[in-house]
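Given below, in the form of structure tokens, are the structures.
In the two complexes below, subunit A is the common chain; its partner is subunit B in one and subunit C in the other.
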Partner chain A sequence: MTTTPIDRPPAPRRPAAWRAWLGARWRGLVLPAAAILAWWALARLGWVSTPLLVSPGTVLDTAASQIVSGQLWRALSASLARELTGFAIGTVLGLALGALLGLLPLFNRIVGPSFNTFKQISLFAWIPLISVWFGLGDVAKVTFLSLAALVPVVVNTCDGIRNTPATLLEVARVFGYTRWQTLLHVVLPSAAPSIFTGVYLALIYSWLATIGAEYLLVAGHGIGNTLIEGSEHFRMDLVIFGMFVIGLVGWSMNALARALERRLARHRLGAA
Partner chain B sequence: MAENTLSVPATAAPARRGAGPHAFLRNAGGRLLPWLLPLALLALWQLGASRGWISPQVLPSPHFVWLTLQDLYTSGDLWLNVHASLQRVLVGYAVGSALGLALGAAMGLWRPLEAYLLPTFNALVQIPVLAWLPFVLLLVGIGEPLKYILIAKAALVPVTLNTLQGFRQTPVALLEVARVYGYTRRQQVLEVVLPHALPTLFTGLRLGFTKAWLSLVVVELVASSEGLGYLIVYGRQLFQLDLVMAAVIVVGAIGYAIDKLLDLAETRVSGSQAATRLGVAGAGARV
Partner chain C sequence: MTTILGKELSIRGVGKRYARPGDGDGAQALQVLQDIDLDVPAGRFVSIVGASGCGKSTLLRLILGLDDDYSGQILLDGEPVRGAGLDRGIVFQDHRLFPWLNVERNIAAGLRNAPLSKAEKQELVAEHVALVGLQGFEKSFPHQISGGMAQRVAIARGLVNRPRVLLLDEPLGALDALTRSRLQNELQRIWEKERITMILVTHDVEEAVFLGDRVVVMQPRPGRIRRIVDIDLPHPRNRSDPRFIRLRDDVLGDFLDPDGRIADEERLPPPGALPATVGALPALDRLRMAW
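Take a look at the complex of A and B:
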């Protein structure tokens, strides 16, 4: 992080920082630790005997075998490849449509209401139609993911552009900016945070949609298929492991996007 | 939708919009513009279907979908399935939002609880409803409780987070005034914190319903024998796309109607809030 001042000995800082980190977090760790302990005890003591109550050890074993055998990697890479493809297509289309909706009032009046109605339709309701039109393979899944990514990008891009402060636009007019200059130097920087929010939401949505697509368009590999397999064979260990992986991927995407956003914000402040 | 007052490449002089016969025409034209695209698409779709450009197996004609919708209505199937879906979503939503309000309020009012609970909550939130589905399915089976639990979970998350945020954003200045006037803790919460949190709270409730409705469709698509989601799956299995589309339209219409209703309630609440808070709002830093 930051450089330590020279006059202070750097050695004792480390444990202090570590303790401060733990001091702030330990309370958050109590509940999960207690839950895992209780789970382990419950499985160990055998008060409830049901095949559904697997011990934490079994889940770890399953995790290890999934990782070592490469099954996890195969499922996860297939899911992520799909997710990123859909995300990329949806975001590009969404940026274009959102920009048109935000910049052209006439286009907005013609297309805007239709789009707003369209986005009300629950996303997953499209899956049966998509499956008829595109089959059950990757084409259908990527189409669905693009749709999932498209909506938040359009909404936030359009909002960001339309919410450019009027005062800024006036200043640009006073300075005799051309349309292009206004767009590049006023509208775009002002809309950037909102656009970023849209892209960030698209990343999250498309991950959720990936699981959904794998769940409802059952064909091929994917982390969602791992879950279904676990569910169909009554293998709770596999289900829990799958949930954990899905949660972890979602969390990583969140963290990545937030770090990127902070970076961009700092960059913007530095440039200003 | 929302008429924004500024248009970005704004170069048009506002004075040009005078009265006269043209203004009326322009007004009517403006009102009709939003219908242009859907009507054009609908016309193209109907034309394509009736001319046989598109096979009805792939895309049934709008007329056919309309007939199916009427058929569903007259046979009572529509009501049966809507009823099942609405019951599910209402039960799940009621449970989820009640729990969410309680949880959010508890964490908002009592910071130690937040420190213990929120990290776990945030971790569990990362797992989407669809990933919970197989887990809950194995635990409780494929019956109604499965749907209630998942819908409740979907509603719980935004309600909890917004309630917590709402309770946290009371302006310091207001709390200080309350302290000066010797308000008890109970009075502070009821008369200062809660009124101020109400708009955020409402946003959470509305968001919660959107999520609940979305989850309902998902859950019914995966596991149910009645309901709108089931109707979609059923139509898909029989390759009756008219049925699928009719069901999708009903799902969209109900979701839209309830969202509008909550929107109305929300603006009402925040409107009355703004009126009572006038003069104090905006003063003081946020916590």
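Take a look at the complex of A and C:
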């Protein structure tokens, strides 16, 4: 298509990226900003004077020293290594168990009821048993984390597979798909969103469980141990810094998983 | 393509009974189909019309090979039908496309076990996309296209294997009236072009007469053929042709009481019959009226 060039007004300048980002979110930042300001005022103006309240400045100093001395890195890497190991073991076992439960009716009838009972046991109720069997070291912690990751993966994998619409399975029959083709081209794609949800929950659960494990099975390094150290020495700056790091890691995992999910399940958007 | 008017599909004395839930012995079983005799010559379009519960969808499932538990014989080219096979295609009422595949790959999904090279399959898919007029939508996902377009994709997928018989199980039943009549024209055009034997199951008498060379009227309890009407009108048909209207009203008369109301026995199945009459789509079958 050809058009005669006419004087066009210059395209409006696009706002800077950070501006666009802030533009949509600044209202959500009001409350945290106010809280920090109040906290700072409380500590700074000396209205409250107790070692249990530290100023934001002290926390920042602690953060800097933890980062520079490498202590943060040592604690964080130990925690993350643990969480990823437990997550990986739990997810792999969970996918296998969930797939067997979902695909084999006989296996489901035999193992399903036991698993459903097993999963009712609160996760932290396993700690005493695990600590007696495996001690307080990394083996015990990773076992606990695997358990935390296992349950959501099994449940969601099994549900996803079993919820494959019968209508689509019939289509596979009509086109003469073999069992293997049906699994690969119908069951798994249909179950994929549910399986992904399970893996995503496993990632979040195992991070929560990491902190719990470090807190309850006290041995070695880890971000949970940083918290314990802080609380034992009444170093609120260290406690608050540790909490902030834990939150940040959790938030990053969440964001990462969401971004991945969006990529993987793009075709589902608007499908409902 | 030659049009041999042989006896392509032959249904002989077919009966089907479902055991009623809770009943131990077969004596109480529900007779869904009884003594169905029907010959469908190659290349012809046969419509099967009837009220809910007359077993017409069940009959399609038997032809398709999804259910081998029946009495009598179903022969395709003289050979008994056993299990599903690529020589019989189907279009369901709900399009049943794979939501994770785009239009092109949904059609190709039907060719997964066809003994063809990759290039040949690609060519077939492109050909069938064009046949149903969906060029430009090859990469769209099912949720991005309308119900009518999704049903076109389903028709293309049903045809892509070049089956001997294409079964149409109320393929237009879930569409709005305008889309439906447009797709009826489309279906007629596709059938005239491809000359594949088609069997259409429908609630809609006008649709049955418009598309069929032959209309099989069925009645329920037990599901049986009431009569077979030959529609000797040239294709493409014209809905306002007086001969068409006369034939349509004639068939319509089979569903009406003498005083013009929908016959009661066709409308209300006996108590307890519904759970047992599960065909392909029990829920939808129950919800929709005859027309």
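Keep in mind that, in the parts below, the second predicted complex is superposed on the first by the 245 of 272 C-alpha atoms of A that agree within 3 Å, B and C clash if a C-alpha of one lies under 4 Å from a C-alpha of the other, contacts with A are read in each partner's own complex, and residues count from 1 in each chain.
Convention: a contact is a pair of C-beta atoms (placed from the backbone, for glycine too) under 8 Å apart; a residue touches a chain by one contact, two chains touch by 3 or more.
All of these numbers come straight from a predicted model, not from anything done at the bench.
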Determine, under the contact definition given at the top, whether A:H233 touches first (subunit B), second (subunit C), both, or neither. neither
Contact-wise, after the overlay, does A:L31 reach subunit B, subunit C, both or neither (first, second, both, neither)? first
Is A:M243 touching anything from subunit B or subunit C once the two structures are fitted on A? First, second, both or neither. first
According to the stated criteria, A:R263 is in contact with first (subunit B), second (subunit C), both, or neither; which is it? neither
In the three-chain superposition, say which chain, subunit B or subunit C, touches more residues of subunit A. B
With both complexes overlaid on chain A, does A:V174 touch subunit B (first), subunit C (second), both or neither? second
So in the superposed three-chain picture, is A:H185 touching just subunit B, just subunit C, both, or none of them (first/second/both/neither)? second
Touching both subunit B and subunit C, residues of subunit A: 173
For subunit A, which residues count as touching subunit B in their complex? 25, 27-32, 35, 52, 102-103, 105-106, 109-114, 116-117, 120-129, 131-133, 161-162, 164, 166, 169, 173, 179, 182-183, 187, 207-208, 211-212, 215-216, 224, 227-228, 230-231, 234, 236, 239-240, 242-243, 246-248, 250-251, 254
Which part of subunit A faces subunit C closely enough to touch in the complex? 167-168, 170-171, 173-177, 181, 185-186, 189-190, 192, 267-268, 270-271
Once bound in the complex, which stretches of subunit C touch subunit A? 64, 66, 84-86, 88-90, 92, 94, 96, 98-102, 109-110, 112-113, 141-144, 161, 280
Spell out the part of subunit B that touches subunit A in their complex, as residue ranges. 1, 4-10, 30, 33-34, 36-38, 58, 112, 115-120, 123-124, 126-128, 130-135, 137-139, 213-214, 217-218, 221-222, 229, 232-233, 235-236, 239, 241, 244-245, 247-248, 251-252, 255-256, 259
